[in-house]
Structure formats: C-alpha cells, structure tokens
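Got a structure for you, questions after.
As written, the chains take the letters A, B, C and D, and residue 1 is the first residue of each chain.
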Amino acid sequence: MLEANGLRICYGAVPAVHDVTFKVQEGQIVSIIGANGAGKTTLLKAIAGVQRISAGRISFLGEKLDGLPANQIVTKGISHVPEGRHIFSELSVKENLLIGAYTVKDASEVEKKLRSVYKTFPILEERSAQRGGTLSGGEQQMLAIARGLMSGPRLLMLDEPSLGIMPTVVRQIFDIVKKLRSQGTTVLLVEQNVKKGLEIADKAYVLQTGRCVLEGTGDELLRSDMVRKHYLGL
Amino acid sequence: MRSRIIPIILLTLFVLGTIVFGASCETKEPIVFGGALPLTGWGADGGEYNRRGYMVWEDMVNAAGGILGRPVKVIIYDDKSDPTVTTRLYEKLVTQDKVDFLLSPWTDDMVMAATTVGEKYGKTIVAGGATYPAIWERGYKYVTGLLPNSKDYLGVGIRFFSGLKTVALLNLDLTFTTGFADAAEWNFPREGMTLVLPRQTYTGDTTDLTAPLMKIKAKNPDFIVACTGGAEDATMILRQAKEIGLNPKAWWFTIAPVIPEYIEVLGEDAEYTLGCSEWEPELPDTIEDFSIRAAFNQRHREMFGGEDPVEDAATTFGVGQIMQLAIEKVGELDDEKINEALHELDTSTVFGYYRVDEAGKQKGKVMYVIQVQNGVRETLWPFKAATSVLRFPTPPWDKRD
Amino acid sequence: MIKDVARSLWALGWMGGGAIAAFVVLLLVAPWVVSPYVVSLFMAMFMYIVVCSSWNIISGFTGYVSFGHVVFWGVGAYVTAVLVWKFNYPWPLAVMLGGVGSAFLATIVSYPILKLTGIYFAISMLALAEAIKILTSHFRSVTGGGGGIYLRPMASLNILYLMMGFLALAVVLVCYSITHTKFGRSLLTIREDETAAESLGINITRRKIQALILSGLFPGIAGGIYVMNVCFIDPATAFDISITVNIILMTTFGGIGTIIGPVLGPVAFTALSEFLWASFPFLHRAILGAILIAMVMGMPNGIMPFMVRFAQWVGIREFFSRRREASQ
Amino acid sequence: MFEAWVTVLISGLAMGAIYALVAGGLNLTWGVMNVVNMAHGVFLMLGAYITFMAWSYWGINPLFTIFLSFPILFALGALINRFLVRRTVGLASMLLTFGIFMVIENLAVVGFGGMYRSVRFFTGSYDIMGVFVSKPRIIAAGIAVAMSLLTYWFLKKTKIGVAIRAISLDRMMAEQCGVNTNQICTITFGIGAAQPAVAGSLMSLIFAFNPMLGRVFLVKAFAIVVLGGMGNFLGALIGGLTIGLVEAVIAFSGNLHLSEAAGFIIIILILLLRPSGIMGRRQ
C-alpha cells in the first residue's frame, strides 16, 4: 500500500535519514522502532508531507506522494498523529475533531465519523465542550488519534503514542490500535517502547542513526539477538 | 475637421517652441530663486498651492522681461513636510545650487528651519506661509514676513466681537495653531472678554471632542474661538457641537474657513461661522492697490485648468513680487542691500500691503473678516471691501432650517 | 571587562584598524570635498547608524524587539533643547546631558518593562513612546508644548557633522566589542534561551537592564546633536513613530543582530531614497515602497546574505563572516 | 451633570466600538498569521474613499457602501496575501507591508489629492432625555459591533472559522489535518483587510479625511490587539471598548492630553499585570 524507496532526508546539510526503504501492506500494523534520534519521526514527517525529501520516492496505492503539500496527502487517505500530539489547545474537543474531518465535504458523513470516534473514545464525548488544552495527557493522545481518524484514513501514522502516558492508558491505546486494524485501517507506528511496538506489529523495521538495519515480522524481531541486546537490554 | 486642427496646433506649438527655445538661448543668465515646499506628506495640499504661486510669478515676470533685464528661474524642491529635510535642502540651495535668492517654504516649522540656514549664510527670506511670532523674535537679521503674525491675525477677529463678554478657546496642538491660541489669550482681556475655562487643547490624533465640548457647553460662552489647523478638525468641532447642541452667539475659526474644501465638507453646518482671511480673489480695487491681481488670477486659471487661485498661491506670488521690488530698488544682486531694502519697503503686492518693523515682522497687511453665508465666503470687514453684512447672533442648531 | 574590550579591539587587526582609520580620514576630509548639502545628508545617515546600532543592542543582540525606540532619541533631543533654551547651558554639555536623560529614562522604565517579552515588550515600548509624546505636549511650561522649542543656531554644521560621525563610529565599535565580551555573550544567550541563560548563572534581569540603558544612551546624544542642527523640536517630530519604523526597516534590511547590518541598512536606504526623491518628486515613496517589496520577496533575509555572497565573490569573506559569527 | 456624563460615556463607547473593529481586522492578520501588518491603515483609508466616491458620484446610501468596500478590500487583501505576504512572517512581513503601505498611500495622494473629504449624510444627534447621542457615531458604532460579533460568530461556528483558529494555534498541524493553510490564510488576510475597510467606510461619515486617515488608528489598533490578547477576538472588542471608555472618562474629568496618554499608560499597566492581555491565554 505504502512504499518508500531509497529515502534520504536532510536538515540543512546534515542528513537525518539515509537510503531507507520500507513497505506497508494493507491491513497490517507496521512498526518502526529505534532509539531517540534514529530518524523515525523524520520519516513520518516526510510521508505526511511536512518534511522535504532529498532523494528517493514515496508512493501510496501506486501514486507518487512526495512533493505534494501536506493537506493533499490527507485527501489521499493518510493521517498523521504527530509526536507530542499537537492538540489545538484553545479549541474545544469537538472542534479539534471537526478540524480532523476538514477534508470530508459531506456534513452527514462528518456526523457519522464523529459518532464512531465517540464510540471508540467515550471519554471524548464527555469532554466534547472542554478546551483541548485542559485534557490530561492520555486524553489528549486519544483526542489526537481520534482527530486523525476523523478524515477516514486508510493509513494512520502514529508517532510515539505511548510517550509520557500512564501504563494503563497505554494499554488502552494499543488495544484501540489493534481494533482499528481489525476494522480495516492500516497503521504505521513509530515507537520508542520497543517491546510494545514489536508485540503489536505484523511487520517491523529497526532504524539506527538514519539507516534501516533490520526488518522482519514483529515476532522475528522480538526474538532477534540484536533487538534483544540493544533495545530490550536482555 | 478635427483631423486638420491637430496638425495645425502641433505645427504652431513646434514653431512657438522653437522661437521660445531660440529666444531663451539668446537671453542672459537667469537670476535663480530656490525654495522647498511640501509636495508630499501631510502638507502636500498647501505646498501645491504654494508652488502654483511661484510658477505663475516666474511665468509672468519672464513674460514682462524679467528682473533687471534678466530672466528668472525658480527651483522648487520637495521637503516631504519634514523640517529636517527643509534644513538640508536650503543648505543645498545655497551651497550646491548657488541660487541667487531663497524663496519661502510653507508653514511655520519649515520657515523656522529654512531661516536658520538663511541666517547662517546671510541669505534673506521673505517668510510666506508663516505667522508664529517666534520667527521674528529670535533676533534674526535676514528674515521678513508677508503675513501678519498671529497676534494681529487673531486681533482683527476678536476686536470684531468686542461686545461679547465670555469666550471659550479650542486649540489644535501644533506650532502655528498654538501660536494663534496664545495670541487669542493675549487679545481677550484687551477686548474685555473673559475665558470661561482654560483653553481646550486637542491633538491631531483626537477622534472624539465630546468631552471638551460638553465642558464648554456647561459654561455657555457667548463666543467660541477655535484655533484649528484645517478642514479636518473644524469639521469635527462643528459636527460634534451640533450633536450636543452647543450654541454660542458666534463661532470663529482660524485657517479652516479659507480652505476650499471647508464649505464642501461641512455643507450647511458651516453657515454663520467666521474666520479671518488674508486674501480673497475677488475684491474691489479700492481697499488695496491690486493692479496686478486680475492678471494674476487670469494667468493662474490659464496655467492650472481654470482653477481660481487660493490664498496660499497668492502668498507665494506675493513673496516673489516683494523680492522683485527689492531687487529692482537696489538695482544689483547684493544680499545685504536687498535685505535692507526688504526691511524698508513700503509697498503693495497681489497679496496686500507690505511694511515690516525692524525685526521683519509684518505691520502693513490688512486682514479680512469673512463669514460663511449661503454656502459662500462673504467679506464683512474692512467695510470698504465688504460684500455682505454680519449675520448675528448665530441661531441655535435646532432653529436652523 | 575593559580588558575584554581592549582585546576585542586589538582583534580587529590591521584590516579593521585600517577601515577605522580610513573612515576617520574620510570623515574629516568630507566637508572640504563635498557640499554642505551632502554633509548634512551624511549627518542624517550617521544619525540613523547611531539609532539603528543602538536599537540593535536591545533588539538584535538581546532579542527584545522595541517598537518605541524613538522615545530615547526624542527625550535626548528635548533634554538638550530645554537645557539650552531655558537654562542657557553650553550646547555641547547639553548634548551630552541629552544622552544622560535618555539613559535615565531607560533606567527607570527598564525593570518593569523588561519583565515583558516578545510582542508585549514591543507594544509596551510603543505605548511608552506615544504616552511620552502626549505628556511632552501637555507640560507646556517645561517643554514649550505642542508649539515646540526654537533655538538660535549655535553650532556649525561641520562640527555637528563630525560629532555625529564620531558618535556613529563609537557606537559601532561598542557594538563590536560587546559581542566579544562576557556581557555581549550573555545577551546573545538571553536571546537564544532565557531560561538556559539563567541556569548558566547569568543574572539576566541585570544584563537586560544594562543592555536597555546602553541602547537608550546613544540615541539621546544623537537626538541632541540633531536638535542643535535643526534648531527646532516639537513633540510630533521628536516622538514620530515613523522614526521607529525607519529604524526597524533599515536594520532588518541590513541584517538584524549583526554588527554591519545597522550600518549597511541606513547607508543603503539613505542613498536609495535620496536618489528616488531627486528623480521622482511625486512618486518617490511609491517607488521606494515597490523596491522594498521587491527586496523582501527577492532577498527575504535582508541584504546581509547577499553582501556575504558578494564579499565571498570579491574574496574578502573574512571581513564579513568573522563579525557575523561573533554575533551569533 | 448626570446627562453630560452619560453623553460623554456613550460617545466614548461608540469610538471604542470603531477602534475594536479596526483592531479586529489586525487581530486576524497579526494575531492569526503573525504578519505585522503596517498596511492596515491604508485598507481603512481605501474603505473611506470607496464610500466617499460611491456616495458623491452615484449617490449610493453610505451605509450600503459597506457592501462595496467589504468585497473590494477582501479581494485586494486576498491578492496581496496570495502574491506578496504569504511567504513572510514577523519582521520581514513588517518590511513588506510597510512597502505596500508606501505604495498605496502615495498613489492615493496622487490619485485623490491631499484635500479633506467627508460624507455628509447623517449629522446631528438623538436627544434622549437630555442625553445627546450622535447619529453618525451611534450608527457607525452599531454596525461596528455587529460586524465584530459577526466575525466572532464566523470564527466560532463555521468550518473556515474553526480552521482559521486552528491555524493561529498550530499552523503545521492544521495543514496535516487537511486544511489548505495557504488558501485559508488568503481568506483570513482578505477578511483582515475588509474589516478595517468597513471601519473606514463608517469613519467617512464621522470625520473629514484625506489619504493619511489610517495612520492615527494604527498605533491604537496594535495596542488594543495586545490588550485584548493576541488571537482573541472577543478580547479585541472588549479592549477597544475599554480604551474608548477610559479616554472619554479622563477627557471629561481631566483633559484631552491626559486622556490620550492614559490610554497608552493603561496598556502598559495591564500588560505588566496580565502579560497576555485582558482575555489572553496564560502561558
């Protein structure tokens, strides 16, 4: 579904990602794991269209993506839930969700989407009139995911959804991610929490200082010596 | 038909052009006059009228054979309404362009700046658009004035109403309007008037005059003198006075009533308001010696699309005339002698009588008292030149039709 | 501190020293070569170099963008004018006291106003300038009110021009040397990250106050020299917001936060506007505006990067880049 | 005395409402887009001239001319953003918009001349039990408040409005939600230009104006935006009314100089006490 070939991304003159190639199959959860500064977030930003790529090619459902502005990438069916959540703090929860559905033209369709995310995240319905900035970290993360879902994406990209959140809520979020897969949404997950990220993944890639060093199914990687030694400390 | 006229006109112009060009090549070195006027910035309006006065003067002097047999050339720069630039430009005129004589800039700030340069180089200036007394009270040797200073300017108007007892004073916070307000305060007790409350000063940024006008209304004065700078603030005063029903027996404005757009902007609200005029285009010849006035009006209309000259154009034309008279009296281009001559002259120009005291302050100029009546300015005083009689008292706003 | 300054001046080297010497020679020779008009034009240019460089200390180095810097210039001009007019002070002393006056103003407002950051600081300075303008009009007995103050011409153009020229040189050298001292470096740290600066043990409040006072001092002297030249000052001229706008425009144009930027900006602007004004008497402002638009679109970072590239091309990169790095 | 006070206060509030409308437009270009818009004043001036010309040449009722000045200046603002402002923020945008200001103001002086104009349409006042309410000012203020509230409603309730607010908070994220930020910013700048134009149209009923009209209001508008809280639209309205009221009170009890100075001193004081404005979000 999503294919990235030979990606090279630079900040100024310094390359953050060198020659990375990966694939996301429809209906799977694909994890990209790696240490801080490995270039995972940069990779997602490039797909989302907010980071220019210097070389390589990104295609989605056979269409070339790179060079498109970020707002058009959303219309292609990709939704980005960035690191740090980026909730619109002064907007109400509902307004945050409505902005997520900005690309959906049909009002009844928006209403339907809204009902469905409220069903997935009941807490958000309770808080719908509250300002986004007043939510707790876990609630904000849920709101960010819900907002990402509002455009009805075929591919949802999650960047560090477990960062700075209580473990119980993290479990909740990962359950929801699994549920999304079962409902037919493909998920591209970037995680620093390697164990969690691999357990859930159908396919995973390990990124090290901007290079893809290992790939395989989640289980394969969980068992690989390199991952065990470097990332799980076993 | 049209097709034949155009070539003929072009041909005539060409021939005329050649003749003028040829003639100008033959004539002697011109006498160069230079000055700076606000052609851009807040003073652009007045500056443009001033420029027209100089242009007409140059044209008419040259048509009449120039001064001392030499043609005249006028250089006008744009001072951007900024006195700093005026200073620089007059330095430039004296030292780089080496003009023979300086012309006056427009308005007190700029005249102050220009005369400072003139004083330094011993170049005399006949101040045109300036009334602030300080100009002549600094002990400068090389400045004379064409306009009466503000004490005299205001005195005429206030004397006209010397029967009224109570008065209120409004004052725009600028150099020349403050000069007017000072002069008004100086004049009031001399005519037996008392200020009912301290002068109400407003700035160019003031957007609401309700508060000071309400304060004045509470004291109900007979007479209101507003030292306004132009149509803008006069409009605000009159409209808001109408709104709150402020009804003195007479309204007196500085500057505004002689500005062409004053009546246009205010319409019937301008009725009954009085002001002082330094110059009116159409007046009987009996009051001052205006032999050249008709010619000036005529030439101005020809040169500027049929527009009548306004006060600011007559001022600068008058400045030119005075310079010319002084030069012709001396008979040579000597700065010292001409400066002396300027202090001694007792004569008349398009603008009016010219006679100055030792400091250079104008003493001879006669002012006109005017009132807006039925949408036109009528002259009330001097009586010899009056075109109408005073309408008094001003009816309350709600009793007007 | 003084040692640091001396060392930094020494670090200017032959090239820098030569440039200063060349400037001084040109400054001294100019009145004999060019007409007084050009001299007064240079003077206006030097004045803007002084105020732009001073603005740059608080706004470029320290990162506190001031929208009301004209207030220091205006207060300096007024203090000088009042001292000469009311108290008959000798004018050179009055000019110096003009600087003291504006630095004093900077001192009293600095503590509260520097608690504000970013746009709030900018707008407070703007409001301060407007408030002082109106109060100057109001207290007529001291300031002459809206009618302003008139002075007799006392100083010759050349003297004032030389004062302004040397003042400009002094300010540029001060700006240069503070970037090489601990004081200057702490200002740059404050600009980058105030919290980090504090954790590095920098007394940020004190540093900022010092920067504002320094930044208010020189415009005051420049205002005093100005008023001695024009011999006239009124509140509308002294606290004209367009002077602040010019300062920001010129410095941004030349390169904000650099040493050479506040020098290049006024020079380029004065030359350009002078040329346009002489060539297009009625449309010069529109044309200057159009050029400004074109420049922002064409070189969004001001002329500095362009100059650096030009300098590289000429081969004197060293001269520009060293200063630039020092300021970053 | 009581009637006099009420007259003065109503007049102050009316002026405050007009300040608020001018500041509201600036709040969009500056508060949302971070463009330090020095050209704001010329939009106001152009609005005044549109009304003047429509009234004097075609005799159109000046109140209807806001339906002319709004779309014309909206289009002009949108074009300016599309071709010029879009790529700049902060100080660079200040440079750029100052260039636009110089071009438009200079062309206006050449085209319209420096002389003062005014629309003579309503004059006089309503006398309500001894309280004088200026007709032109109260009508202008009413329209200004309506316009401010309409904008507030637009930002609060419409899809584009929510997108504008989202952009003011986090432009990058809004883009990633599928908002075409360039397009929305063009609309925002258009409204930001059209709002002062409506204010200008209203002012042509009140003041005699020339091409320098906008200058007086620019400084105050900047201050009011900060006073109300950047990006806060109700705040600008409240800030404008506050300044209008305070000026009127001090003008009546003290004098005009002090009243104008007080406006600015209050701005400094409020910022010192509440650094993000009356209604601003705490940081």
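Here is the rule we go by: a residue touches a chain if its C-beta (ideal position, glycine included) is under 8 Å from a C-beta of that chain, and two chains touch if they have at least 3 such contacts.
The structure presented is a predicted model; accordingly, all values stated were derived computationally and were not measured.
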{"item": "Target chain B, source chain A, minimum contact steps", "value": "2"}
{"item": "Chain pair with the higher count of C-beta pairs in contact (C-D, B-C)", "value": "C-D"}
{"item": "Chain whose Cα mean lies nearest the overall Cα mean", "value": "D"}
{"item": "Centroid-based (C-alpha) most distant chain relative to chain A", "value": "B"}
{"item": "Intercentroid distance (Cα basis), chain C paired with chain B, Å", "value": "38"}
{"item": "Centre-of-Cα separation between chain D and chain C, whole angstrom", "value": "32"}
{"item": "Mean-CA-position distance for chain D and chain B (Å)", "value": "36"}
{"item": "Computed distance of Cα centres, chain C from chain A, in Å", "value": "50"}
{"item": "Residues within chain C bordering two or more other chains", "value": "134, 137, 282, 284-285"}
{"item": "Touching two or more other chains - residues of chain B", "value": "40, 173, 201, 203-204"}
{"item": "Chain A, residues touching no fewer than two other chains", "value": "none"}
{"item": "Chain contact topology (line, ring, star, complete or other)", "value": "other"}
{"item": "Every chain pair in contact, whichever chains are involved", "value": "A-D, B-C, B-D, C-D"}
{"item": "Interfacial residue positions of chain C with respect to chain D in the complex", "value": "65, 67, 112-113, 115-117, 119-120, 123-124, 126-128, 130-131, 134-135, 137-138, 241, 245, 248-249, 252-253, 256, 282-286, 288-293, 295-297, 300-301"}
{"item": "Of chain D, residues touching chain B in the complex", "value": "4, 7-8, 11-12, 15, 106, 109, 113-118, 120, 123-125, 127, 132, 134-137, 206-210, 212, 216, 244, 247-248, 251-252, 255-257, 259-260"}
{"item": "Touching residues (chain side chain C, partner chain B) in the complex", "value": "35-41, 44, 134, 137, 145-148, 150, 152-153, 156-157, 226, 229-232, 234-237, 277, 281-282, 284-285"}
{"item": "Touching residues (chain side chain D, partner chain A) in the complex", "value": "159, 162-163, 165-166, 169-170, 172-181, 231, 281"}
{"item": "Complex contacts: residues of chain B adjacent to chain C", "value": "39-40, 77-78, 80, 82-84, 87-89, 91-92, 94-96, 109, 112-113, 116, 119-120, 132, 134, 138-139, 172-175, 177-179, 182, 201, 203-204"}
